[in-house]
Amino acid sequence: MNESMTNNADEKPPVRRRPNLLWFSLAVLGVSLCVLRVAVAAQDGDAASAEAARTLWQSIGVWVAAFMTLGIFSFLYKDNPLYKVCESMLIGVSAAYWMVSAFWSTLVPQLFAKLSPTLVKTYAMPSLTPSETPELDFMLALVPLVLGGMLLWRLAPKGQWISVWPIAMVIGVTAGLRLVSALESDFLAQISATMRPLVAFETTTDPAGVATRSFDFWGTVGGFVGVIGVLSVLSYFLFSVEHKGVVGKSARLGIWFLMITFGGAFGLTVMGRITLLAQRFEFLFKDWLGIG
Amino acid sequence: MMQRTIPIAILCLSGAIMVAAYFISSAQSWGETVTTWFNILAAVAFVLGAGNLIAMNLEKISSQRAGWGYAAITLVSFAFMLVVGLFKIGAVPNDKHPDIHFAGSYDSAASPFGWMYDFVMSPLTATMFALLAFYVASAAFRAFRAKNTESILLLGTAFIVLLAQTAAGMFLTGWIPEESAFAFLRLDKIKAGIIEHVQTAGMRAIMIGIALGIAAMSLRLILGIDRSYLSKN
Amino acid sequence: MQRTTSARGITALVAISAALLAPCTVAMAQAGDAVAAPEHGWFRTDRGALYATLVVVGIAIVVAIVRARAGHPVKIRRMPALEAVDEAIGRATEMGRPVFFIPGIQDMTDIQTVAGVTILGRVARTAAEYDAKLEVPTSRSIVMSAARDIVQAAHFEAGRPDTFDAGRINYITDEQFGYVAAVTGSMMREKPAACFYMGAFYAESLLFAENGNSIGAIQIAGTAEPSQLPFFVAACDYTLIGEEFFAASAYLSGERVQLGSIQGQDIGKILAVGLIAIGVVLGTIAAFDPGGSTETAFDNLKSLIGG
Amino acid sequence: MTNPQYIGGIRGFFARLGGIDRRWIFLAMGLSIAIPILLKLRFPEYPGPMAKATFAAVESVPEGSTVLLSFDYDPASAAELQPMANALVHHCASRNLKIVFMALWPLGKQQADRTIETVLKPLHPGYSEGTDYVQLGFQAGNEGVIKVMATNLSKQFPNDANGKPLGDIPLLKNAKDLGEFKLVASISAGYPGAKEWVQYGNGAMPDAFEVVSGSTGVQVGQLLPYYPKQMEGLLVAVKGAAEYEMLVEGKYPAANPELLGQGRVRMGPQLVAHLLMIALIVLGNIAMIAGRPRGGAR
């Protein structure tokens, strides 16, 4: 952990090669074989009906998905053309995906529908309910439109500095919003949660309904650990005091608390990560190969 | 003036307004309004992102730089997905308004856009995510070495939690009766204790620190002390 | 002379803070009613405790800044992660390999991205001075826009406006794992000698850090995303943990005024410790005397600050 | 540091192991997950206290009373949580409890529907909608839904998921509020979920019903403080599901054991992969010690 590097990668000059033709043609061959196999399988059945066409596309889809899955896995061995194909497709497809979804789920309902409700209602959102304050909505929608125009101005040949204005506004708004919300939900709420009694008692009610209070040893230990943990880690974060003497000892205890925190969090995450990989394998084995 | 003073003024003003709005009863919806504005702004900014993506890849192709073929794949898949999605080609029509083409949903599974999402994008992203299972293993092997007290605590805790998460943990210490005085030696108890007390304490202190960091950072920005985001030409 | 300016400034601040805190006393007085009836005047009295905290923490930071500006010495403890920044860039320059800066995957609406981008400014200035090749792949269009501005500004500051190349700061895709695929791929191909991860990170933290490690890059990370800290701590050479990350841009600037603000954060922490101590003492007394007046006081204190 | 290349014998082997190509680790990880999946390996589970408490909580509900199952997750977490839902539904139905399904997450309704179709109907063909179980579906409003339910059930859910008025449903026509239920189980992947059920459901009527929860591994830290005082049972991740399955199957064997084995099948790769991780940590440390020059630490 946090050791300086010793394994400087070997200093061979990078060999620049053209995309390996062999790899590429193998990939093409594989894909075409699959398409062929699926086409044959589809012809055996009743390929005429629409349902079959959909399942044809679905089975092609499963094959494509399987190749994409294997392509990403191949990166574990080393960077290779198949991975590069997958990577390039993922970049193109996902960039477009987010742009399309921003267009249809943000720009159309939140900008165009405010600027020109009738047009949007006629052509895109027939169920759009008319606003009660169309003028106000129109004016409010102009603000992001103007800001957006300023941002795009950087593509213009002159006066590109104006694109800093909307960014300054975004940073300002972010700073303002987060300043208060951080103090409320992180600072005050966490302080309040730390305020706990150091000693714990347990109340047990016997069948007769008589409540007895007894000292709870482990609850008390937990209370102490919780408070000392918060205080010592806070002292680790002190910047204007050198970590020497009492502060130094406390800061060191704080680091220990941090390390236990991180170790625990690491261990807890593992199960979820393994589930993710198991799901990919289940997809490959069951949905694609039909085994297992 | 236009390049330095005004942006600083915009930043300070918008920050101060947002802080004040949080405490003024009639201004409660302002935060929401500006969030909507930001979403629109981000959507408009996609023009910049798309422009950059196209320009960068076209340049690679035209200069025949190494790997230009991949740039072509990116461009083609980008263009295909964009056209199919924006024009809702093959989209499933809206039940109530089948006559209005653009009323259909853009991402239904039966459309080409939905197909690309289900069979190209989602397996790719899910597999990329799943690679983490491999990397947690290699990171654990490489980084969890008992070099000093700190690393012993880090790896020791991870070790206990990992062990307690399997049947092996119950097998090793499950025989200790839960009601006995030694119940705290059970791995599941140790794990729960670590999570509930130590980890919670650590996380709380981290959050308090982060809140103060955010406060100081925001104040530096709003007061115009940190101006590194400004061009100085 | 400087001392008097400082004293005058602080007196003024105390006056301002008294004025700012005035609504608070009203708020405190009304806090009890506010819980019962969620109707407010123009001022959200139920947020009185938050307002008071904001004023106190804000004033603490501003006082520290004013003192620093007036010439009081500002001592800040060492942060090895930040001392390693120049070394990492220098090493990349010597080896003739690029430097990667990843500003997280969130947009500018996340303060971590803002912090990451300001740190990018300092890193870019050093890189411009050393003439190292700095690459900044981004996952958001607006972050790309902001990063280009800030790197350009850094080149001007370093006196090397000619070496600024906007083509090294690119938008990849908004999709988390699409971005990861592209960045890890180019890490493998370009073999950067130094990687900076500064911003909001989620599951991709370990994907970046393990791949960066396998190509032998020096890796310096900073994030305030608590769930990802374990992975950066385990796999990177240096990690700025939470608050350290926000202090980093001020620390790297080396400007007295900005360092002062870091000192102000410490006052906030002392305030937190004080509040916790009061709460714990009250709570412990209350535990021995259930149903007593201390318990009421403890509950009131908790509900007051817990909002 | 001594170059590990020059150390001989077993010590040398371990020393060289420290610098092993990480691809071998990748391969080991891949195999440790793929093989248990392919062979459908199932290992015995040792039910922990939390799973036992959950089982006991369901057992303690008087036969014939009504329970509420809230599906507060979506398909993304289904791998961890669906096995719990299956076992829970089978457990309740085997004890002849009347089941009311609902969801605080929009996609939770689908998960509930799937559970009804794949578990309840095939395993308990006698259960009929309206008298033995009701699907209320999803309502937006997060914890607000719970708050309203605590005072007035029919105000929050005037109809069931099919649009049938609550007054026409035999099982719920006399139901007033959450007090109708003897047990509330939230299968929960985050907000809103189990925490909100404890805070706003149990908080509003502390003695009316018991709360049990199935949770993902990621958010368990937030729920632990409530167990066992405000939450009588807590199942954590796939492991909790597997342990609970063991207990349920032990007492109420299902006609189709496949349905009740998903958690344990998913635990197979978990167990092997976890043991691999543990072995890797141990090996890494042995390698470090073996690679040290003799005569003490650096």
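Letters A, B, C and D name the chains as they come in the text, with residue numbers starting at 1 for each one.
Please note the rule applied: a residue touches a chain if its C-beta (ideal position, glycine included) is under 8 Å from a C-beta of that chain, and two chains touch if they have at least 3 such contacts.
Everything numeric in this text was worked out from a predicted model, so none of it was measured.
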Maximum centroid distance from chain D, chain identifier (CA atoms): C
Interface ranked first by C-beta contact pairs: A-B
Centroid spacing, where centroids are CA-atom means, of chain A and chain D in whole angstrom: 23
Inter-centroid spacing, chain B versus chain A (mean Cα positions, whole Å): 3
For chain A paired with chain C, centre-to-centre distance based on mean C-alpha positions, whole Å: 20
Chain centre separation (chain C, chain D; CA means) in Å: 36
Where chain D touches two or more other chains at once, by residue number: 22, 26, 29-30, 33, 220-221, 237, 239, 270, 273-274, 277
Two or more partner chains touched - positions in chain A: 1, 3, 7, 72, 75-76, 84, 86-87, 90-91, 93-95, 97-99, 151, 154, 164, 167, 170-171, 173, 175, 178-180, 182-183, 187, 191, 193-194, 227, 230-231, 234, 237, 258, 261-263, 265-266, 268-271, 274, 277, 279
Touching two or more other chains - residues of chain B: 19, 22, 38, 41-42, 45-49, 53, 121, 124-125, 128-129, 131-134, 136, 138, 140, 142-145, 147, 154-155, 158-159, 162, 165, 195-196, 199-200, 203, 206-210, 212, 214-215, 217-219, 221, 229-231
In the complex, chain D residues that touch chain B: 22, 25-26, 28-30, 33, 43-50, 220-221, 224-225, 237, 239, 267, 270-271, 273-278, 280-281, 283-285, 288
Residue numbers on chain D that touch chain A, as the complex places them: 19, 23, 26, 29-30, 33-34, 37-38, 40, 79-80, 216-218, 220-221, 237-239, 266, 269-270, 273-274, 277
Contact footprint of chain D on chain B as seen in their complex: 133-134, 136-138, 140-142, 144-147, 155, 158-159, 162-163, 165-168, 170-171, 174, 178, 188, 192, 195-196, 199-200, 203
Touch list for chain A against partner chain C, complex: 1-5, 7-9, 14, 72, 75, 78-79, 83-84, 86-87, 90-91, 93-95, 97-99, 151, 154, 163-164, 167, 170-171, 173-175, 178-180, 182-184, 187-189, 191-201, 213, 227, 230-231, 234, 237-243, 258, 261-263, 265-266, 269
Interfacial residue positions of chain A with respect to chain D in the complex: 7, 76-77, 268-272, 274-275, 277-279, 281-282, 285, 291-292
